[in-house]
Every structure is written in structure tokens, then in C-alpha cells.
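What follows is a pair of complexes built around subunit A, which joins subunit B in one and subunit C in the other.
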Partner chain A sequence: MKVPSVELAKQRPRNSLLNGVRKHAWHYGFVMPMLVLFALFTVWPIIGSIYYSFFDWDGVGPPTRFVGFANFKELAFDGYYWNAFVNNYIFALSHVIIQYPLALIVAVILNNAALKGRNVYRLLVFLPVITTTAIIGLIFNILLHPVGGSMNAVLTGLGFQPVNFLGSPTLALPTAIVISIWKNIGVTIVYWLAALQTVPQELIEAAKIDGATRSKILFHITVPLLTPLAAVILLLTFVGSLHPFDLIKTLTNGGPLFASDVVDTYVYRYAFSPDMNLPRYGLASAGGLLFGVTVMIITILQAPFLRKAGKNLNT
Partner chain B sequence: MKLVLPTGGTPDEETYYQEQAKIFNEKNPDIDLQVHFIASAQYGNSVSLMFASDDAPDIIRMNGSIPTKMTISYEKGWIRPLDEFVTEEFKNRFPPNFFSPGGRLYIDGKLYGIPFNDNRETTFRPLYVNLDILQQFGYSAPPKTWSELKEMSARITREGGGKVYGMSSTSSPYLDVINLYETNNGRYLDGHLTEGNFIYDTQTGKSAASNPQLVETVKFVQSIVADKTFMPGWESVDLTKLYQQFAAGQVAMFIGQNWVAPEINRLNPNINMMLAPMPVPDSGRKGYKAIYGVSEPFYGITSKSKYPEAAWKAIEFFSTPEFHEGWYNVVQLPTVFFDQYKFEKPDERRDQIARQILDGASVDLRVAPYPTQKNPDAEKLLSGIMANAPKPSLNELINMAIIGNKDFEALAKDYDKKMETVIDQQIEKLRKEGIDISRDVLIAPDDWNPAENYIK
Partner chain C sequence: MIKKAVGVVPHIIFIPVVLLWCYPFLWLVSSAFKTQREMLMGGANLIPQEFTLENIQRAWVQARFATYFLNSVFITCSVVIIIIVVSAMAGYALGRGNMPGRKWIVLALIITMFLPKGTTIIPVYELIHSLSLNNTYAAVILAEAGPANIMAILLFMGYFSNIPKELEESAVMDGAKFLTIFSKVMLPLTKPVIGTVTIFNFIGSWNAFLIPLVFTLAKPHLRTLGVGMYSFFGEFSADWAGFAAGALISVTPTIIIFLFFQKYFIEGLSGAVKG
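What follows is the complex of A and B.
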């Protein structure tokens, strides 16, 4: 029997898809556990959050009180939410502006083969990364205390007045940012070190033979060759600093006077904090969702840049 | 018959409850009482989840967590009336007025909660005083007036050389303000039993955040801050850190919850500590900390329990002087049966603290009228007001005024204006739902004397 050509055209992609699945069955098998876990613990909660954000729900029983966009409207006029929102972006952008270039400088130094004991330095720089953030928050609480804190003991020993790092509404957030950068810079340094390994050594040797100085090699060879990976590191640094919940919770709990409040702590207060009224999962979900959407928009805006960077990397 | 009781508290308390459950099960072989221990801070959420997942417990604790508060548990249909179980003999175990029909154990004339503590003991907020530090600076007794508090604490800080501070606070200084304010107030009540969220004028039923007594108290605490009396860094300190500083002898005085006393005692068994009543204005006491009813609902039986009779047996078992005394030996806070304890495990220090709590409570606290005594639906109004209260909340405004040195009166006047709109809206909303309610529920009865206990 002759099969019409239109039918054949319809069947061909399906067949090729099935053939593809059959051919790569083992690969799909390996990926499947991750996909299941991703669906259960990432996709499902996101869908749940979107759904709950349209309800006035305290978490008990099924959400029944549909309120439409009322939660989003409440957030739009809630000064505390926008304070947390702005603080969150100040926190994340500070990492991009300070941690990102600082990590490159440190990585270039640590990448220098002539540097003695560079592996020890690498280990020391990376040590805070593997320390539990909550512990760091609690320890810095002690170190930075104006009375008996080591940092202030050093300052007063040098003749300065003690500084109220965590109790001052103007200093609390900058202090948290500095601690976070100290804690996380090791990861960005590792990214940069990996990127630096991609710079062909023969190019640098050739430049040296041609009489290029260290700074000329850095700015005319190393940095241009790093650009494609730099875009990826930029995105990872930014995204990695968007959720400082554990540090803020243990260091300042968002205070004083909400000066270091971020979206994570705001959402936590409404969803879980027992010292507030009944939990408001609907409002908390809307708060998290709104913030997530802005992050997604920023990521999407970066996408063409990243694609271009990726192409450059391949060529 | 399997019974489930989720409960919270300290690890010692868990051991005690487990031991007592074992004894109860031995006495009642047909019942298997299982105590599920949950961290206190997570109690409300965990119990809510038990109900949400159709795995409701048989007995719940209704104190200390908002989601399991008796009025809220009632609204959700979680609890059942207990009138059929409670006998006169049972009621007579407790002090007089504990089962007053107008008290907080009842809703719509039906009994839903069984007490464990005297409300006066749990609500008392003392001025913690390190008597040794006071003596070191020449003072023989805790401050009795606001001026004495300010002068003594300022001098200790000034002369303490950065090692000892006369007084300190936390990142929530509104607690200091509200507790001092209660001694300066005989007219304005707090609608939510949560220290300072909605203060209303009992003569007009209007929001009264900007009442002169509160404004005066905020200014008083601002003056202490201006003197730099508090330990530097207090703005980022929580209660735990503050009582650690007190236990370490770095802070001479602070205002705090009475339940931290045993913790301080554990941290420093040699501390010469006193839980003193709140200092009063120089012109004399004008009011008392208002509490609603002498009894506080503690145990409730859930409407989902298949064995309410067995659950009642367990509550009866928990409501004896023997059980209470065992709990007291572990937790070191007095309960409603304190006068009936045999003190078989003597501990002079523990008993001294307990007596200071009881004495302080009788000095600082009075039972006040509560809007639900006028109209049972008043709880709905108060809940609606609380859920829709202006932001920043009154407590946050006080914190802003103290930490940020802001003009509290201006902030509070603006807050009152917004709160008035909220009250009108909530009354209107309830009326539309067919509930007959007005602002009158916020006006105190004529026979209320703020200096006396108002028990109905």
C-alpha cells in the first residue's frame, strides 16, 4: 500500500524522535532521576507558589479564599517589601561591583606560577566558602560587637572609637555585604582561575618575547581572552548573591529598623515567623514570585550577551 | 486507644512529659498516650500541618502560639466544647474565678480551654536587677520610680568604665516602652493581648496610639538612649543575647519576660538576681498592666479526636498539683497550683524566683474588661483590625522612635488616623456579613475600676 507523502512527512519527525529516544535510552535513563527531583523540588514548588499567591491562605487546609491580585496589590503599596527588594538588589549588585573584579585580581595573583605557596593561599581564600553561613553570621555577631568584640578591640587599640557595625541602620547592610563577599569570594576566584587556565600560555610567552609588560599582557591578552567566560562568571556571581537569607537571619535578622531586610527575610516573616499574626502563605508566595520574576527578567536580558559570549568562546 | 498530644518546651520538659505519659499509660492500660515533642517556635505551624494533612492530634496546647490560640482554633473548628467532662470537683481544684463564664476559657458560653497557669504569672514582665552590681555602686534596692531607674542606670554606665552598663535593651525596645507605659496608664487598653499593637481609648473606643501617657513614656526611654546608658550595640541584640549579657554581669538591669529567669539562673547560678516590679512614674502609679481574665486556655480537645473521653482523662491527669509540681521542678516557673506544692525537691533559689514572680504580678497586673465580654463577635472585629492594621505597626513606630530618635507623637497621630479608617472598615464589613457590632465593644463598662481586678 502506498502511503501518501503528507502522511510520511508527519510520521518522519515522530519516528526520528522515537528513534532518538531509543538510541539514547541510556542517556535518558541517567538524566531521569535528576529530572524527577527537579520536577518535585523545583518545578512543583514554583507552580505551587504561583497558585498560592492568588489566595488569602494561612497554610491550613486547602486554599479556598481566592483573592485575585490582592496580594500583589498589597505588596505594591507595602514600603517594607520595597525596602527589602531594594536592599536585596543593593546586596547582589555590590557583589557584582566589588566581588567580581576583586576576585579576578586575586585569581591573577594566585595564577602566577612564580608565587610561592600559592596552593596554600588558594586553600585559605576558599576556606570561608565551605564554612556554614549561619555559623559565620553568629561569629561575626560576636566579633563585631562594640563591647568586647575583637574588631572593635583592634579599632580602640589603634585609638579609634568603637563602631556599632550591626546596630547602626546605616552600617548594618554594608557590613553584611562585606562579610558576604569575604565568605563567597573564593567561589568566584575558582571560576576566574578556571577561566585563566583557558588562556594559551604560548600567547603570553610570545608577548613576553616581544617585550610586552605584565600590565600589557593582562589588558591586551588575558582580559580579552577571558571576556566570553567573564560574562558567565558575572551571571553566576549575581545569581549566587540573590538569596542571603542565612547570613542576614543570623547576623542582623533584617534589622535594625529593617535596614538590612531582604526579600528572603521578608517572605520568611510572613510565612513562618511565629511572632507575627497567622501565617500568610499567599502574601509570602506573591512576594517571592514578584522578586523571582524580576530576577528572571534580568537573566533574560543578559541572555543575548551570554549567547554572544558563548559564540566567541567557541570560535 | 491511641491519643496524640503535640507539645513544646525545653528538652527537660520533653523528658518530663514522656515520663508522665508512661505513668498515665500504666494507670490506663486501654489508652496509649503519645507525646510528640515540637520546638516551641514551630509549634503553631506543626500543629496546623497536622490538621492540614488530616492527621489531627487529640489534645492541643493553645498557649504561646497564634495559630493554636483558642479563639483561632475555635474559628477553624479544631476544638470541641468540654462542658460535658468538667465536674465541680475539677473546677474546685483551681483558684476562685478560674472558670468565670466571662473569662477566656469560654466562647459563646461554652468551655473550650483548660488552664495550666495563672494569667498574672505568665504575663508579668519584671525589671531584672543584679543586686550585687547595684550594691557595688552604692544602691541597696532596685529603682522604684522612673527617675531612679534613669539616674541609677546612667550612673552605673558612666562609672562602669565600659565593663558594666546600668541598663540595656534589644532591637525591639517597644517592650521596654510598653511595660513602663502600663504603670502610667489607666485608660487605654491593648486590643490584642500582644503588647502594643492596637491601643484604644476605653472611653471613646478610638485608636489611641498618640495618647499622652504613651508619648511621655517614649520620650522617657528616648532620654535614657540619649544618655547613652544602654550597652553599645543594643540595637542589634535579641532577648537571648541580652539575658546572656545580664547573666555575665555586664548589664545591671533590663526589662524582660519572666520565663528567662530560670535560663539566667542556669547560666550563672551565683548571680544575685531579683525580679522587681516595674518602676512607676515619679508622680505615682497611674495604671496597671491589663490582662484579660485570670485563667489562660492551655489544653483543648480537638474536634477530630475519636476518643474525647480518653483525652479528657489525660487532661485531668495533667491538671493535678502533683503533675504541676513535677513540671515546676523541671521548668522552674510557678503554675496555678503553686500554693499546693509539697516542695519535696527543695531549691531555695528556684522558689525565691517563683515568689518574686508571684509578688511582682500582684503588684503590676490587674484583670481588665475584654471586648468579647460585651459582644462575643468582638474577637472577629479585633482579628480584622489586627490583620489590616496600618504599616508600620505601632510597635515598629515605637522602635523607630527609640532607635532612630524620631518624633513619636507625630508618627502616632498619623497612625491613629489610619487605624480609625481600618476600624470603621472592619465594623462595616462585619455588619454586611449580618453581625451586629459597633465601636461600643471597645468602650469599657462603667463599673470598671482600673485599680481593681475586673472579673465577671
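What follows is the complex of A and C.
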């Protein structure tokens, strides 16, 4: 039966969802592959890692031994876990404290149009970024080797004692941090360069004509305009340095004596390392989850600042 | 004259810094061509006393870098193609379609962006296992390409939503269908985004370590270059010269790709920050 147009108009609210779906069939079809992969490889892993963390499970067959919060309790009293946990945050915060401002300085230098060959410099800054982290870890193993490594050849050549950078419990983590900053700073530099380019050139030209000095331009125009993006870059730098698995695994494997152990290497050891007796997926999942939750909390705490930043940017 | 001299000053400071910065790479290139005997002597010297191609050959043949190289090429290309197709389609639908639920999908994507990846490798491993794909190429490819590439989706979304409506409307007037509009009119316009997504994911996948490591633990012949490097320290008990040669083989393609696509790399990152 044909529905008169007046009736159709009345029915619209009820059928709007169905109509919407039909009208946008192509659009839904186009999102589908992404949604399927998203469900399988993003959503399920998040749910799965929460689910597994409540089981005592060696990965053979489906998890059956539900243990409640026993894994978390075990972690809470595991000094090795907290060691990895603290190391992980020291690692990430060092990037925020060192890499973040250092990258800004380099970006300001590279943003200066008067500097000749800045494209070459920019390219070289990127060299470590695009290199396989695992290879970087192994290269530095050789360069910092106490016997025959270049670094120690230079040190002894200058009359210093050789230093076992990666074999010393006090130096291993700081060394890993320095290498990681060297490796990743290029990304933060590009973030800053992008932010610097949002500062309208006309504004700076106008200020120059009005006789503003360089420092005045920097502090009265560039910095205020950069602040909202600076918050975004801060978060990106922090989040980007939270899982240094590749570097730590190849550089020190968490050693010596767990001095450079991070959560990812701790989790890997319990889940995939053949030196351990049986894999403990439940405990490993709990370890990753606990760390992930703290990261989420920190990110959420930053959200109001970011939202404010976003608003400032739009006005 | 004075101005010219002043222009040189920064370079006098920068060049030593740059040389130190690049030392690991200079070391890599020089060590790859040094003899094993010279490597054993150690030192920071960068010029090989005796130039040899033996290490490259040893890495390529004995250490199976030929296999690892092909594995890396195959896996990386597959990952990049899957990500481009999936995220371009999703970005198009989310950027131009005003369908119900669109906002929720975008919100869900953004929320997951902040979750660390370390927690998810075990469920992904179990998923691949239950699909009986463990120790196959498909396992590595799916595990790398599967997790929603949020940056890529958002880049495509932003780019598609900024294309003027008139363009689409005139294509509709000409009688073009949805698929034609997408593939012939819209997609070609997103070349910068395709470039950005390609270079990021090429580098990401070529350099991937944890996923190929975990999924090829039992099948060394499926290893990628990144994981294969590792075996140098076992099988050949710290063959430094061989390692350097292998590392050079692994690193060269990314550098070449980067040189070609660097414009997209930088524009892409810039776009991500400016949001």
C-alpha cells in the first residue's frame, strides 16, 4: 500500500534510523572493513587483556582457572614489577623534560629562513627516526662495548678510564634514555616546526616594521600563539615514549640486574620468553593493564588543558 | 663580506655536532666494508684500512639476509596497501558521509589512541592463534595492519571533508556513481595524504620488531630484517662486521624511501599537530 506523504512525514521519527542506514548504505559499507579490523585488533585486545588478567593461564587451551585479583595482588608485592614500572615513567618523563624543550630550540634554529642548508640539517635530524630501533639498539651495543667499542676507544685515547655504559646498573637506564632521545627527537622537532609555521608570517613582518626586536617578537607573538599547540606536542612526546620495548630489548634486555627493565620487557618476559618455565599470560596481561590504566589516568588529567588549547586555537 | 662571514658562523658550530650526531651511521657504513680482523682491533677509526665486500656477501647469503629482505619487502608492502585502502575508505565515509553513529565511531577511534600497545600483544597473539595463522606471513601482516591506524583515518577524514561539495555535486550531475566518485574524483585528490600514510607506515612496518619477533619465534625463515639482525649475535657469536653489513642492507631502503617522500612526511606530521 502506498503511504500518503502526510503519513510518511508522521512516521519519519520512528523510521529515521532505518532511513538513515539505507540512505548511507555506501558510507556504512565503506567504514565496515575498518570497523571489523578495529573490533578484532583494537577493541578485542583491550577487552581481552582485561579478561585474561583475571586468570591463571599458561596459554594452552582457553583460560579456565579464574583467580580474581590474584595476579594484581602478586604484582603489587612484586618488587621487579614496580622497578620496571618506575623505570618506565623515569624513561618517559626524561623525554618530556629533555627532548621536548631541546626539540623546540632546534626547531627555532631550523625555522630561520636565513640559515642556509637547513633542509640538509633537517634530513640528518631524521636519520635516527627512520632507522629500525632494534638495529639502533644493537649498534649502540657495539659502539658502547667496554672492549673495542668506539666510545671507549675515544675515552681511553683522551686518558679516561673505559666506562661500561650498558653493563653498569647506574648507567644503563640513563644511557638508554640518551639514545632514545637521539633516536626520537626528530619527530618532536617536526611537531614544533609545524607549530611554528602556524604563526602568521605577516604578523611577524608587521611587528618588525613597527620596530619590534627579535626577543619581543618571540615572547609577545610566537610564544602566546604556540601555547595551545605546545600542550598537544607535550602529550604526543609523553605518549610516544611510553613503550620503549624495541630499544630496551636490543640494547640491554632490561639489564643489568633489571636496572633498565620497563613494563613492556617485564610483560614480554612472562608471556614469550623461552627462559621462563611456563608462560604466564594472566600475570603478563595484568602487568600491562595496570600500567595502561595509570597512563590513561594521566592522559585524562591532561584532557581539560587540551580542550582549552583546542578552543584557543579555534578562536 | 662581513654578512657572509656571519652566515658561516652557525655552520662552524653545527657541523661538528652533526658529525657526532651521525657517527653511528658513519660507523655502520665504514664497518660494513672493514675486514673482520680490523673490526676485532676496535677503535673509532672510520676509514677502512682494507676495503672488502665480504661482510655484505656473508650477511646476504650465509645469514639469510636475502630471505629477510624479501620478507620485509613483502610484509611492508602488504601492510601499507591494506592500511591505505582501509583507512581511505573509512576516512571518506567518516569525512563526507553524515550518517548516524558517525560521531560515535570517531570518538571510539580517538579514545583508543591513548592506550599503550604493550598490553595488547597477548590477545592479538591469541586471536591470530585461533585463526590458525600463527607463524605465517598473514599473521605478521594482519597484526601490523589490523590495529586501526587512527592517524591515517583522521588524515583522510580531514582531507576528504575539506574538498568542496560542488566537486562531488557536479560529478553526481554527470551521473557518476558512489564508487566512481570515490575512486576517480575524490581519491586522486588525496595524494598528499596517501604519500604521508605510505611513508609513515612503510617506515613503521619496515622497522617493526615486537610483532615479527613474536609471530615468527618458531619460523626463522619468516623473519624480517629487524628481527633477523638479532640472530647475528647468536649464530655468528657477535660478528660485528657482518652485523654492520646486515644493518646497512636493512637501513638503506628506508633512507631512500624517506628521501623520495620526505615532503609528505613533514607535511603529514605538521597536519597532525595543527589538527
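Criterion: the second predicted complex is superposed on the first by the 283 of 315 C-alpha atoms of A that agree within 3 Å, B and C clash if a C-alpha of one lies under 4 Å from a C-alpha of the other, contacts with A are read in each partner's own complex, and residues count from 1 in each chain.
Criterion: contacts are C-beta pairs under 8 Å (C-beta built on N, C-alpha and C of every residue); 3 or more make two chains touch, one makes a residue touch a chain.
Only a predicted model underlies this, so the values are computations on that prediction, with no experimental measurement involved.
Colleague: Could you look at A:V147 and tell me whether it touches subunit B, subunit C, both or neither (first, second, both, neither)?
Modeller: Both partners, subunit B and subunit C.
Colleague: Figure out whether A:T131 sits in contact with subunit B (first) or subunit C (second), or with both, or with neither.
Modeller: Once the two structures are laid over each other on A, A:T131 reaches subunit C alone.
Colleague: Answer with first, second, both or neither: which of subunit B and subunit C does A:T42 touch in the superposed model?
Modeller: second
Colleague: Quick one: is A:Q197 in contact with subunit B, with subunit C, with both, or with neither? Answer first, second, both or neither.
Modeller: Touch status of A:Q197: second partner only.
Colleague: Per the contact definition in the header, classify A:N253: touching subunit B only (first), subunit C only (second), both, or neither.
Modeller: Only subunit B; A:N253 stays clear of subunit C.
Colleague: According to the stated criteria, A:F272 is in contact with first (subunit B), second (subunit C), both, or neither; which is it?
Modeller: both
Colleague: Of the partners subunit B and subunit C, which touch A:L289 in the superposed model: first, second, both, neither?
Modeller: In the superposed model, A:L289 contacts subunit C only, not subunit B.
Colleague: Which chain makes contact with more of the residues of subunit A, subunit B or else subunit C?
Modeller: Touching more residues of subunit A than the other partner does is C.
Colleague: Does any part of subunit A touch subunit B in one structure and subunit C in the other, and if so which residues?
Modeller: The answer is residues 59, 145, 147, 149, 272, 274 of subunit A.
Colleague: Along subunit B, where are the residues that touch subunit A in the complex?
Modeller: Within the complex, subunit B touches subunit A at residues 41-45, 48-49, 51-52, 65-67, 72, 76, 162, 165, 171, 231-238, 241, 250, 386-387, 391-392, 396, 399-400, 403-404.
Colleague: Across the complex, what residues on subunit A touch subunit C?
Modeller: Touch list, subunit A to subunit C: 17, 20-21, 23-24, 26-31, 33-35, 37-38, 40-49, 52, 59, 109, 114-117, 121-128, 130-136, 138-140, 142-143, 145, 147-151, 153-154, 157, 182, 187, 190-191, 193-195, 197-198, 229, 232-233, 236, 239, 242-243, 245-246, 249-250, 263-264, 267-268, 271-272, 274, 281, 284-285, 288-289, 291-292, 295-296, 299, 310, 313.
Colleague: For subunit C, which residues count as touching subunit A in their complex?
Modeller: Listed in rising order, the residues are 7, 10-11, 14, 18, 21-25, 27-28, 40-44, 85-87, 89-90, 92-94, 96-100, 105, 108-109, 112, 114-127, 142-143, 145-148, 153, 178-179, 182, 203, 206-207, 209-210, 214, 217, 225-227, 229-230, 232-233, 240, 243, 247, 250-251, 254-255, 258-259, 262, 265-266, 269-275.
Colleague: Of all residues in subunit A, which touch subunit B in the complex?
Modeller: Touch list, subunit A to subunit B: 58-61, 78-80, 141, 145-147, 149, 162, 164, 166-169, 172, 252-253, 255-257, 272, 274, 276-279.
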